[in-house]
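Next up: some structures, all given as structure tokens.
Next come two complexes, and both contain subunit A; in the first it sits with subunit B, in the second with subunit C.
Let's turn to the complex of A and B:
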């Protein structure tokens, strides 16, 4: 089985693409679902990158999914974007799938249905 | 997963209100945890459970905190049985898995363009996406 990888960047300045929340790559197999979270926002969830199959042992420790928000070009077109993403997952011949890249000098989106990448949330590692 | 199928559901009838997780959702078929049946006001309902989208394989050590599955209710027509639905659902899932396009539009209540993969379905009931642990 050849895994595919999804790439996202919300940082527009190349020199600032240097920390969690600026860009991220997830294996497609880590995708746990998608839901609308605003008229113009579709949120993708992924199994936690830093706590995969982890355990929270300390009081109030939690393990939650990571997430990436995509900004829709037109409001309430979540289903269209979802269908286009699923089509892209299966039809793309390359293994590295650029879903959204907000880099100002080389903006790139998998489809004109999206116009940007919003918040990338990678849950912090649970402390031991 | 190379042959992953993705399941789509929408309970919202108005496009302008399809703007939060209780209105529509997509799950990978591999997250399906099980299907159970129930009856409400004489309507046969099947509930599909999925591994939590927001707490996948997650844990929470807060007092009384738990990780629970997400769920989607499918309301059936009077003449439909739950077993009929499960058989049709599995057949469609297997059919789509062998195709290039793996988007499984299970049910969409959009008033201007209702779509159900089977005539057994009358509509989508409650979509429940568990909140992220905090």
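Let's turn to the complex of A and C:
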């Protein structure tokens, strides 16, 4: 099956889209799950972009998932958004799927069920 | 069955270097190992001469306490030392006497010149500057696993691409994803030359890219 890629941007100003946490693109195959994290927030988790699977026994060397928060248009519609996402993953013909783009001049969301992209967390490289 | 596809990058990223005052050290090897070389200037040792010692990739220049040695003296001493000159080439831009010790300072900016990664190793990409998009890949030299020592973390390899126009990360991401998907859809093994900085043969998979930046391949853990 051809890989698809998911794009997120939480930065509203184009000139500030220049670093970790402003925008990101993950392979769909890196998606590890999605869960509600607030009444109005669904969080998607991905295998770490900067760290590989493993288990280093040093303090603070735990490898955790990256994550992206999506803001729901209506509270507690997590199931609806998850269903819409899965349908989008399956049916979209684009190679890079724009899940959410908060750019102020051209906001774009894959579904009217979401109204924004929240925090994009790309775990830093673990290092001793 | 579709074969794996490979992404190739060719960078002119230079060897690692560092400038300390009027002294510049440039790594002999043009790869990321240069980033592990360091220089320390110590006000100790014999007066009015420079003594060089090397421990691993750490170079120490002892200049005494008379404040009568300059970057030219250190450069000469480093280049004359077999162990140090195997690591770096030293140059100086002046002869001002050094009057204070310099703590351990590492060379930076060293990167691989050429690398190829399986597309299946791609873990994602993100902006790392107004005009820089960085792609990440599962470690080439280390496998997922269980390590137990300090400094044995398994981190991703990475390649930085320079954008023609600042803040066009989304557009380039889309262009790359299109190429990835197109390549994946084709049968058999294949390759994608993402960027080639080689002089006279510059070639980029997208007109949105102007150069390949630093290619970082994590060293094998020991």
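Going forward, the second predicted complex is superposed on the first by the 123 of 128 C-alpha atoms of A that agree within 3 Å, B and C clash if a C-alpha of one lies under 4 Å from a C-alpha of the other, contacts with A are read in each partner's own complex, and residues count from 1 in each chain.
In the analysis below, a residue touches a chain if its C-beta (ideal position, glycine included) is under 8 Å from a C-beta of that chain, and two chains touch if they have at least 3 such contacts.
Keep in mind that this is a model prediction, so the values were computed, not measured.
On the superposed subunit A, the positions of subunit B and subunit C stay apart, so the two partners fit side by side.
In the superposition on chain A, A:47 makes contact with both subunit B and subunit C.
Applying the stated contact rule after C-alpha superposition, one finds that A:2 touches each of subunit B and subunit C. By the touch criterion stated above, A:86 is placed in contact with subunit B alone, subunit C being left untouched. When the two complexes are overlaid on their common chain A, residue A:37 makes contact with subunit B while staying clear of subunit C. The superposition places the C-alpha centres of subunit B and subunit C at an angle of 120 degrees about the C-alpha centre of subunit A, rounded in steps of 10.
In the overlay built on the shared chain, the residue A:78 is in contact with subunit B alone; subunit C does not reach it. Figure legend note: subunit B and subunit C, brought together by superposition on chain A, show a least Cα distance of 8 Å. Comparing which residues of subunit A touch subunit B with which touch subunit C, the overlap comprises 2, 4, 46-48, 52-58, 61.
Those residues of subunit B that touch subunit A in the shared complex are 1-2, 4, 6, 8, 10, 15-16, 18-21, 23-28, 31, 50-62, 65, 70, 100-103, 108, 129, 132-134. For subunit C in complex with subunit A, the residues that touch the partner chain are 119, 122-130, 136, 138-139, 142, 144-156, 158, 166-167, 169-170, 173-174, 177-178, 180-182, 184-185.
Only residues 2-5, 7, 9, 14-15, 17-20, 22-27, 30, 46-58, 61, 66, 95-96, 101, 122, 125-128 of subunit A touch subunit C when the two sit together in their complex.
Partner subunit B is touched in their complex by these residues of subunit A: 1-2, 4, 28-29, 31-39, 45-48, 52-65, 67, 75-76, 78-79, 82-83, 86-87, 89-91.
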